[in-house]
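Listed after this line are the structures, all set down as structure tokens.
What follows is a pair of complexes built around chain A, which joins chain B in one and chain C in the other.
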Partner chain A sequence: MSWRNALRNSFGEQQRFMLLLIAPAVTLLVLFQAVPIFIGGSASFRDWMLTNPKKTWVGLAQYISVLTDPAFLEIVLPNTFLFMFASVTISLAFGMALALALNRPFRAQKVVQTILLLPLMVAPVIAAIMMRWMFNDQFGIVNVVLETLGGEPRAWLVDRWSAFAIIVLTDCWLWIPWFALLLLAGLQSLPKSPFEAAAIDGTTPWRVFRHLTVPMLRPVIIVCIVIRSIDAFRTFDIVWALTGGGPARQTELFSIYAYETAFVFLDFGKGSAAAITGGLIILVVGLLLYRILDHVRKVSL
Partner chain B sequence: MSEIVLTKLNKHYGGMHHAVRNIDLTIGDKEFITLVGPSGCGKSTTLRMIAGLEEITSGEIRIGGTLVNHLPPRDRDVAMVFQNYALYQHMSVFDNLAFGLRNKKVPEAEIKKAIRNAADILGLGELMQRKPRQLSGGQQQRVALGRCIVRNPKVFLFDEPLSNLDAKLRIQMRVEIKRLRARVPTTSVFVTHDQVEAMTLGDRVVVMKDGYIQQCGTPLQVYGEPANKFVAGFIGSPSMNFFEVGIHAQDGELIAQTPFLRARVSERYKAALAAWNGRTVILGVRPEHLRVNASDVDPIGKVEIEVIEQLGSEILLETRAGDLSMTVARVNPQLPVAAGDVIQLSVPSDQLHFFDPETESAIR
Partner chain C sequence: MSAPQRGFWDSLAPGARRAFFGLVLAAVCFLFAFPVLWLMLTSLRPESGVYYVHKGLEFTLDSYKQIFSDERLVNAFINSGAIATLATFFSLLVTVSSGYMLSRFRGRIASTWFGVIYAMRCVPYITWVLPLYFVVQSYGVYDTYIGLLLPHIAVHICFFSWLMKGFFDGIDPSMEHAALIDGCTRWGAFYRVALPSAIPAISALTVLCWLFTWNEFLFAQILTGRNTPVITVVMSQFVSEMGLQWNLMSATAILALVPAFVLTLFGQKYVIQGLKI
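For the complex of A and B:
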């Protein structure tokens, strides 16, 4: 009973109640997050393959192997950043356009809003499979349409850049509604009178957008960009379902690289090292992004 | 010339709410009009329709002879000051002032000149590089005024611009707006719910209620000759006292009488009130017209003092006679009175107001 007494002595009643409330969450977090991360971290310093499960300690050798891997440096990292940049920029632009269009009242506004939000409810894997069939070179609807319009059918997923474009397209399709939803909420929370003042001041719609809407919406935009960038960095499912990283690893993103190394080539050591490297990269990128965008916001205020 | 003419102006919100009803109003060139009334009376809606921020359900608005019904706000050449200032928070004061001119692609040199001029008038010189949230409420409202001045529009519109300021600042800004008016005479419409602002600023005061214009006249007209009971009660502070009185003829005079009060009708109202002989009307007396224990004017009755409010410059008395309660203002602060005292009230008979109990319009 001594630990009970110790608990009672060191914490007040309210604190003990709070500890009780967070205990389940902490337990789950430790068991399913902290422990696996620790195991993964430990594995990244070992030579651990399914064919050679001795788990010899090798220090930073696995990290060096990842960072000197031409596939990682020349394909995976550029791909990941390019994907992140393209997906976030395009979704932000279209999401903003949609939000602006939805922000003015019109007939059937609610219906249109609901329909636009549907992609948010589609599982990414399903969306990816859908897209894969649409762009299938023999049976896909895209080629059919292209042919009726007099174009040449293409093997979309065989070429690196068209496959990459389809991945970005799928991701944008999934995430534009999310941007639209958040930006719309932001737009609707903006005070009306500066816009009325601008209307009376004779401001063109473009100047209103450029000098009022964007600056006033900046906090929301920053949060959207940071969240989505970090999220896009670890995209796995749609790439896996669309191309599996192919053709010939040409569309491989960082998460696919880590997964394949660990669970396809069964090199747990190197896979863990890749995963942790990626984790560190996105940590730095996320912080930098937040710093830069927040600085932009402060300067403009 | 920038005369504003409103003809049969109406505004419905949906099927039910009729915010503005058949407003006919002509605002002369360089005239300063105040729209006043309780909240929901349609004054702000009327202003916003003139600005073009609100669609017109029916009727016409002409500014300087041009029909503007379907013109967007930017083509009406009006400027507006908002209750919450509506400054562009992320821009400096200078950029706020320059924004409207840059919209019109005015050369920067001219913009600078216009802003320097406005800054001189409003004393904004040192604040140019500040952001609006670094300014006090009064300074922000001055910037908002400046934003209007630099554009040199045909019409100034004010939507309760002083309501967000504290009482002292409000009085200061009121004077400043008057001063501004003298330097930059422009046709102006000023919306307020404060009758003091309406009276002090307006060349003419438009009193509104339930979407209708109740009365439109100079401050002296709406105070001295209110068109109906609502205007009489709304204009003036403290509010006019009202009570029902019977009218009867006696010795060639008309007498307005209740069990507790009795007043002689002056020559001014005699003709109009003759028709009411033997019937009941509503009598209105302004608190400031009542005199205590005066010997030189007609006494109307005795009342008991319930509450005394000593203001230093005057005393306000809440008095009672039977079931009538009456407020008395402008009582000499040196007058030795105490709660419970019975005093004699009197009032010059030409300062009585009579209203039809049915329609509430003035009898005169």
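For the complex of A and C:
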């Protein structure tokens, strides 16, 4: 056991304890995160077809082919940003409204809160399947209701924009409660006295919201927006189970594009390049969002 | 904009105001619960009634019986449950010690590890999920329990270590120092003194981690094949394979919801606490 002796000689007792505490985490992190990152990075510079893995080094060719792919530029990227923006704004607005409504004691509060927890436990895949059934063109309840109200039944998932709207709707259903509960927790931790003072002054509810609640809640709101935007950007499962990126690859988000390129079209090099491109975009977007929102806070305070 | 609304609101009697508020909240609750209720209703209809769920009153448990006799589905449920439970247990085991180390020690090792975690946390998930397929295959564990379990443990390391550090930072270390002086070993001070005080935080993470793994899709989709079906993947294949058997589909979905529902109901307090992180 010479490595053991080496370890004993070069580190003190406390250092050995420290290393032992992190050893399992380090091992797993290296094997299942660092190694894949390295392989993915290397694959993105190679001509690596899953059918014929020659793995020839091609430099930046894969990145160029992703960035000049009209499908990526004109459909995938706009879809991804639109989805992120729509999903986050709608969920934030409704989540905030719900949080404000729940932020006063009433009898059924516990019940409402439990119902709001419901979407949080539903797997995104299940939520997608649920919506797919409700919006089924022949037997879905939505079309039944539409018909009884005198409207035209529609084939929801066949048209690009209605399919896209359903994807956004599903995401909002899943995430509005998350926003609501987080913002509610934030609201409940705010100090009471400024609100009492405003009530004595007879300030209108809108002014209280605009000039007291929002500025005081801003840190929570920023964290919510940044976390959720990054997550929304890489959404995979609901799109996969709802439309599979269809009709005709019109509702693909960037992770579906990367997955399909790698595992359906078997071009692992280009798929990796797409994944890394998207990854870099997420990093930049996350950083920018944080900067912008933080800047807004400094200016407006 | 707000003036006329306020006028309307003020013109209402307090009772009417309460009723209005209650009505809106009830509508919201209905909208959030409806998809799940609808799924439940569909799952209880016989195969012939499924196309007209809103008409007729025949109910049956046949779909559920059929699921329990389908070996692949039963296996998928067992696999999902086993993987979620094991992944939760090991994730917490691995990260509680790593978080403890980050919280209690300073110096070269601690700061390097913190830097590594921080950098890894910034690497978007999607960039290492695709190559994971090759990695897991080259380790010879593709489509096995281990092959799905280990990446599931790894995915939480950065975030959970960071959270655990936060939990331990909030716990006064002087008790551990006292225990060390009294002759306790470092390990003893860790798991006899520090660990018990972190239990509320750990419970919150347990619930969230279990739910996350049970509901996870992309990992399972990439890392498993025929031998290790898990429920989310099987369900997504359902849509194309059994596209018209919506009663079976719904029953499977409801069964997949039950464990998560029970866990959340019992752990509600912890979940809400955990969400605040």
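Following the convention adopted for this analysis, the second predicted complex is superposed on the first by the 286 of 301 C-alpha atoms of A that agree within 3 Å, B and C clash if a C-alpha of one lies under 4 Å from a C-alpha of the other, contacts with A are read in each partner's own complex, and residues count from 1 in each chain.
Simple rule for what comes next: contacts are C-beta pairs under 8 Å (C-beta built on N, C-alpha and C of every residue); 3 or more make two chains touch, one makes a residue touch a chain.
Nothing here was measured: the structure is a model prediction, and the numbers come from that model.
Participant: Clash or fit: how do chain B and chain C relate after the overlay on chain A?
Facilitator: fit
Participant: For A:124, is the partner it touches chain B (first), chain C (second), both, or none of the two (neither)?
Facilitator: Second partner only.
Participant: Where does A:64 make contact in the superposed view: on chain B (first), on chain C (second), on both, or on neither?
Facilitator: In the superposition, A:64 contacts neither chain B nor chain C.
Participant: Here's one for you: vertex at chain A, rays to chain B and chain C, all C-alpha centres; what's the angle to the nearest 10 degrees?
Facilitator: With chain A as the vertex, the angle is 80 degrees.
Participant: Please indicate which partner A:204 is in contact with in the superposed arrangement: first for chain B, second for chain C, both, or neither.
Facilitator: Both partners, chain B and chain C.
Participant: Tell me which of chain B and chain C touches more residues of chain A.
Facilitator: Answer, by number of touched residues of chain A: C.
Participant: Is A:264 touching anything from chain B or chain C once the two structures are fitted on A? First, second, both or neither.
Facilitator: In the superposed model, A:264 contacts neither chain B nor chain C.
Participant: Touching A:18, do we find chain B (first), chain C (second), both, or neither?
Facilitator: second
Participant: With the two structures laid over each other on chain A, which partner does A:216 touch: chain B (first), chain C (second), both, or neither?
Facilitator: It touches chain B, and chain C stays clear.
Participant: May I ask you to decide whether A:248 touches chain B, chain C, both, or neither, giving the answer as first, second, both or neither?
Facilitator: neither
Participant: Minimum CA distance, chain B versus chain C, superposed model, integer angstrom?
Facilitator: The answer for the closest chain B-chain C C-alpha pair is 10 Å.
Participant: Which parts of chain A are touched by chain B and by chain C alike?
Facilitator: 204
Participant: Which residues of chain C touch chain A in the complex?
Facilitator: Interface residues on chain C, with respect to chain A: 1-2, 6, 21-22, 24-25, 28-29, 32-33, 35-36, 38-39, 42, 50-54, 93-95, 97-98, 100-101, 105, 107, 109-110, 113, 116, 120, 122-135, 139, 150-151, 153-155, 157-158, 161, 186-187, 190, 211, 214-218, 221-222, 232, 235-236, 238-239, 246, 249-250, 253, 256-257, 260-261, 263-265, 268, 271-272, 275-276.
Participant: For the complex, give me every residue of chain B touching chain A.
Facilitator: Against chain A, chain B makes touches at 51-53, 72-76, 78-80, 82-91, 99-100, 103-104, 131, 147, 151.
Participant: Going by the contact rule at the top, pick out the chain A residues touching chain C in the complex.
Facilitator: Touch residues, chain A against chain C: 14-15, 17-19, 21-22, 24-26, 28-29, 31-37, 39-40, 43, 98, 101, 106, 108, 111-127, 129-134, 136, 138-139, 141, 144, 173, 176-178, 181-182, 185, 204-206, 230, 234, 236-237, 240-241, 254-255, 258-259, 262-263, 268, 271-272, 275-276, 278-279, 282-283.
Participant: Where on chain A does chain B make contact in their complex?
Facilitator: Against chain B, the touching part of chain A is residues 191, 193-194, 196-204, 207, 211-212, 215-216, 300-301.
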